[in-house]
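The structure's right below; bear with me while I get my questions together.
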Amino acid sequence: MRDESKNNGPLLEIKNLQTHFFTNEGLVKAVDGLDLEIFSRETSGLVGESGCGKTVTALSIMGLLPSPGKITQGSITLQGRDLTQLPERKLQKIRGKEIAMIFQEPMTSLNPIFTVGHQVEEAIIFHQGKSRKEAREITREMFGKVELPSPEERMNEYPHQLSGGMKQRVMIAMALSCQPKLLIADEPTTALDVTIQQGILALLNKLQDEHSLAILFITHDLGVISQVANRIAVMYAAKIVECAQAGEIFRNPHHPYTLGLLNSIPKIGGGEKRLPAIPGQLPNPLVPVKGCRFHPRCFFVKDYCLEKEPPLAEIAPGHKTACWRHSEIKAQSN
Amino acid sequence: MKAKMVNSPGSQPENLSLIHQTRGQEFWRTFKRNKLALTGMVVLGFFFLTALTGLFLTYGREPFFNPRTVRLADRLRPPLSRPHRTIPEENRPRFGIYILGTDDLGRDVFARMLQGAVVSLSVGFVAVGISLFIGMILGGIAGYFAEVKLLKGVTVDDVIARLIDIMLCFPVFFLILTLIAILPGNIWMIMIVIGITGWTGAARFVRAEFFTLKNQDFVIAAEALGIPRRRIIFKHMMPNALAPVLVAAIIGIPGAILTEAALSFLGFGVPPPHATWGNILAVGRRFIFDAPWIIFSPGAAILLTVLSFNLFGEGLREALNPKLRIR
Amino acid sequence: MLAFLKRSLWQRVITLFLISVIAFLIIHLAPGSPAEICPLNPKFTHEDIERLREALGLDKPLPVQYALFYKRLFTGELRSFKDGQPVLGKIWERFLNSLPLFVVGTILTWFLAFPLGIKAALKRESFFDRATTFFAYLLIALPAFFLAYLLIIFVVQRFDVSVMGMTTFGIEDAPWAFRWNNRLWHLLLPSILGAAGGIAILSRFVRSQMLEIINQDYIRTAKAKGLPEDTVYYKHALGNALMPFITMFGLVLPALIGGSVIIEYIFAWPGMGRLGYEAIMARDFPVIISLNFIAALLTLMGTFLSDILYMLVDPRIRL
Amino acid sequence: MTKSLLRVVNLKKHFPVERGMLSRLSGWVKAVDGVSFSIDAGETLGLVGESGCGKTTLGRTILRLLEPTAGEIFFEETKLNELSPEELRQFRARMQVIFQDPYSSLNPRMTAGSIVGEPLAVHRRAETKGKREEMVGELFEKVGLARHHKNRYPHEFSGGMRQRIGIARALALKPKFIVCDEPVSALDVSIQAQIINLLQELQEELSLAYLFISHDLRVVAHMSNRIAVMYLGRLVEVAVKEELFQNPFHPYTKILLEAIPEPGVIKKQKTGLPGEIQSSLNSPSGCSFHPRCPLAKEICSREEEPQLQEKEKNHFVACHLR
């Protein structure tokens, strides 16, 4: 199934994306030369720690960058159209209709003064030109699909009457109501409890099959991503450092950061020995690191890592990594 | 190799906190970007200097500029005019001209303005000082001891909240007028009345601030460490509540200056012999068509001072509020 | 919902009671007992005290005085010291005079402040935003009485009309069109003046409120849905941004008295503010106390009204 | 009976729910509702549960940062409930707390050095100022900070380093017991591991006892000797870690365990738990878990709330069906 879609080329292709924030403190390169391909019917995972540029990437795709942020270079191509070049008016037609997005905080992502039903209908009416009645019908159907209990009643309720998990389901219903091709899910379960998280992840998996949807799933949690993603890209300090099939990433990490992340997660039944933690702190976005951006925290660092930045290179079919010493790391990680 | 990956926490790399800036530096950097606020600060500085020198130059029995000299021959002279030749030498203005003209009694408006600057600014400061004092104490009590029950389930917070409600129900300016009409009128009474009718803002501010602070982890941590309550309130909570209160004060001062001016204008303000910007204006009111300069000087001075205070205060608020700061 | 209303009403009844006591006690603030002449306070003459003693029953214990005063007020027996007119009737007459000033001023304020504030917020940092910001600060800083005289000088010299009072004296026989025109001229200036400061302050509030809402997550959601900008801002953002102003709307009513003293004084407008001023000048205590009390009553009614409005508009309270 | 360091008996903390002035009480939030357990010296008891289950309230009530509604707390056989405010203040040196949010847990207007030094000064642990400075320096080194960091303000540090300052502050008075309230939840994955290691090292070096609160079972599993599972203000299962993972009795524990997403282990098509955690304001009759329990029988809603019972040695469960 995946091979078939690959033949048709990616649904969305990001090339050398540079998103910069011109803050008062200085230039922040929130995304600094990012390449990413998203295929239909696939879930692409984007993993990284806070401040690494995951969310900025998503907002760049949506064209919703907040104020001091600008795309300075690169292209985001959705089926032949470069989104960075489209005027706002055309982007509006794409947002919600072709690309939809759900956010981390279901608590604050819905407008408190409108019923949740109305908020879903609104997009349907705008994008599909349906009548209010038809839109209501579609909304009810969507509420059923996202497994909200008694959808008819829910539609007339306000956000504050729903729990966090239910609100996230409403957000999903809203996002999928216009049959988008791509759904961007930005940490959709981070604010929810584990037992609720499972339900949302299962729902996303189910809906992806039903709607042959492409999902860009953004999270900091390697555990969560392994439940949903087909491909995983690991991001560190505004760049992708490793990218491969999900299983491959976990079995064969080739970048010291990926390896370090995997090792530093405590495992149940893993005993009481110390966790192999990555030393040091997250990089300061205002101060760019010369050479490989991971070198100050890397156990494999050599002199040349301080000089030149490694490119994201394909080291095996479908497996790219940005490390000068990836071959040695592979040997040691086993 | 695996063993080496175990990281001991002692081996922290050194280049970590790269923005090494004190709060003061950070504040100043944010503040000075706001050109309007900066201008406001400079103008305020100028007014303070003027008020201070004005205090010296108009003080005493024979001041450098005498605001009390009455010259009936030189009534309602326009600015920059020369005194009448009948004016005796000792009553002539300095430099031989009336810089801002004269009023209906031939008093030098410039000298009166100088004297008024001190009075107007000090009314502003003292009145707001009183407001803040009451507001901080009541607000602090309401915020910190909010849940303490007094009787029959009525909490401390309830009582103070009701008090604030009551204050808010009175039309402030009318209330001030009423009080000043009843109480013996002198400059201190005016400061006090403006002060005690204006504390609700500060109280609500401090109350909200203490409410949040009380539940902040660092305050709970202090309690967990067995730090005495008095020290928690004054060392941990007060300094953190002070910044917004300071801003409220800065923005409150021009309000008090305006109120005093309005009172003087209506004839309820600071009684003679003190000149204030308000009562200079009140005098000029009767001659607006014949001698408009009399109202222009105090009007413009009030306008500039209040404007600078507000701009400066807003700049402070912005620079002190981490939420408004763009990170 | 009903419980919310009940509580809200009950609280206000208590507040009103406390206010009635305080308003009444204000005159006892005068040094010593109000029934004694204080040599330090030349504002009180012997006759003043005598009248007070008689009108307020100052010989009786405080609670009786209190009950007596409000009984007289509500039965319309309370009379002004100055001219012996019933206080309530007097206030009512002046209230009717103040009303047009108040209505025009409020309409001006709200209808100008909102579009200005919203536009400034949506075009943040633009020339328009900077310009309105500057003028707002200017208006806030301009003392109303100073601005009033600037305007009077301008209007009188430029248009050669008189603006003092409610109408020009001695035009009762003029044709109605002329009289209306005349009234309008007289109404316009004080209304604009009354509104000026309000416009400045309110538009600032609207701007900051709007800015805050624009940064909310649900606005991002609305944008992510692909809704057109107008829908995002005027439906999703404005709806929420308006909430706090419901409270402010309730506080508009008391401005009928407190806010108008200076303007009515300058323009010799025979309204409530001027009545208050005159009463204070004449130490007409029944009128002073009644005005303070009525202002508080109006405030409480206003805030109660805004509570009800809130309940109708905000779904979070409605339940 | 062995003497435990901390013993909690039937602890309750209820918050009144009332609105506005003169309003009548409309109910109680039973944040902690009859909790009993004990912790030995040098031991870590893990406490897991979802948001709103009362974990944090329990942690704070044990330290008497919140006054318990009912129940008893014994620390080294001293009954904490009966201490006077001044006695309690002195006693606080022996038990400390580490917070979740590294940003709000440090006073932004004090330097790192004075934050750590303040308890030493207040409790007169150093004779001279120089001695105190020296002790602060030692504490800084102990938690992996440099001595010269003590003149800096909290906002100059990253989240992980702030957490280290918080730990140094908690250690200053040489406590025997620390409540760790989600100490790593706000940190990034790569920093989490550093702090976890630090806490473990300190525990071994200073033989500390921890009550380790977290919603993340992976972290709790790594840290703890024994684990207590909390649901709606009550403990539903308490057991030694290995026993709990191999042999969970309570259906809620089972679901929690299944819900942990483990990296690299792909087990799609789990559905999680139906419904949402109830508010403890209107807890249902009978077992508070029964509305969400996949195994619920009639007895669960009919009978009283099940009590914690020892089903196997050192394995306590509160469930009608087990």
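General observations
So that you can tell them apart, the chains are marked A, B, C and D in the order they are listed, and the count of residues begins at 1 in each.
In the analysis below, contacts are C-beta pairs under 8 Å (C-beta built on N, C-alpha and C of every residue); 3 or more make two chains touch, one makes a residue touch a chain.
Values in this document were obtained by computation on a predicted structure and should not be read as measured data.
Chain centre most remote from that of chain B: A (centre = mean of CA atoms).
Should one ask which of B-D and A-D has more C-beta pairs in contact, the pair is A-D. In this assembly, the C-alpha centroid of chain B lies 47 Å from the C-alpha centroid of chain D.
One inter-chain figure worth recording: chain A and chain D are separated by 32 Å, centre to centre, where each centre is the mean of the chain's CA atoms. Chain C and chain D, compared by their mean Cα positions, are separated by 54 Å. With centres taken as mean Cα positions, chain C sits 24 Å from chain B. Annotation for chain C: residues 11 touch two or more other chains.
Residue positions of chain B touching 2 or more other chains: 6-7, 11-12, 16, 19, 162. Across the assembly, chain D contributes 21-22, 158, 161, 194, 197, 201 as residues in contact with two or more other chains. Of all the residues in chain A, the ones that touch chain C in their complex are 62, 64, 88, 92-97, 100-101, 103, 105, 108-115, 122-123, 126-127, 158, 160-161, 171, 174. Within the complex, the chain B residues that touch chain D are 6-12, 14, 16-17, 19-23, 26, 153-154, 158, 161-162, 216-218, 220-228, 231, 236, 239-240.
The touching residues of chain D, when paired with chain B in their complex, are 18, 21-22, 60, 63, 65, 88-93, 95-97, 99-101, 104-109, 118-119, 122-123, 141, 143-146, 152-153, 155-158, 161, 164, 166, 169, 172-173, 194, 197-198, 201.
For chain C in complex with chain B, the residues that touch the partner chain are 11, 14-15, 18-19, 22-23, 26-27, 29-31, 38, 40-41, 43, 134, 137-138, 140-146, 149-150, 152-153, 156, 251, 254-255, 257-259, 261-262, 265, 273, 276-277, 280-281, 283, 288, 291-292, 295-296, 299-300. Put simply, chain A touches chain D in their complex at residues 49-50, 163-166, 193-202, 205, 220-228, 246-247, 250-251, 260-262, 264-270, 272, 274-279, 281-282, 297.
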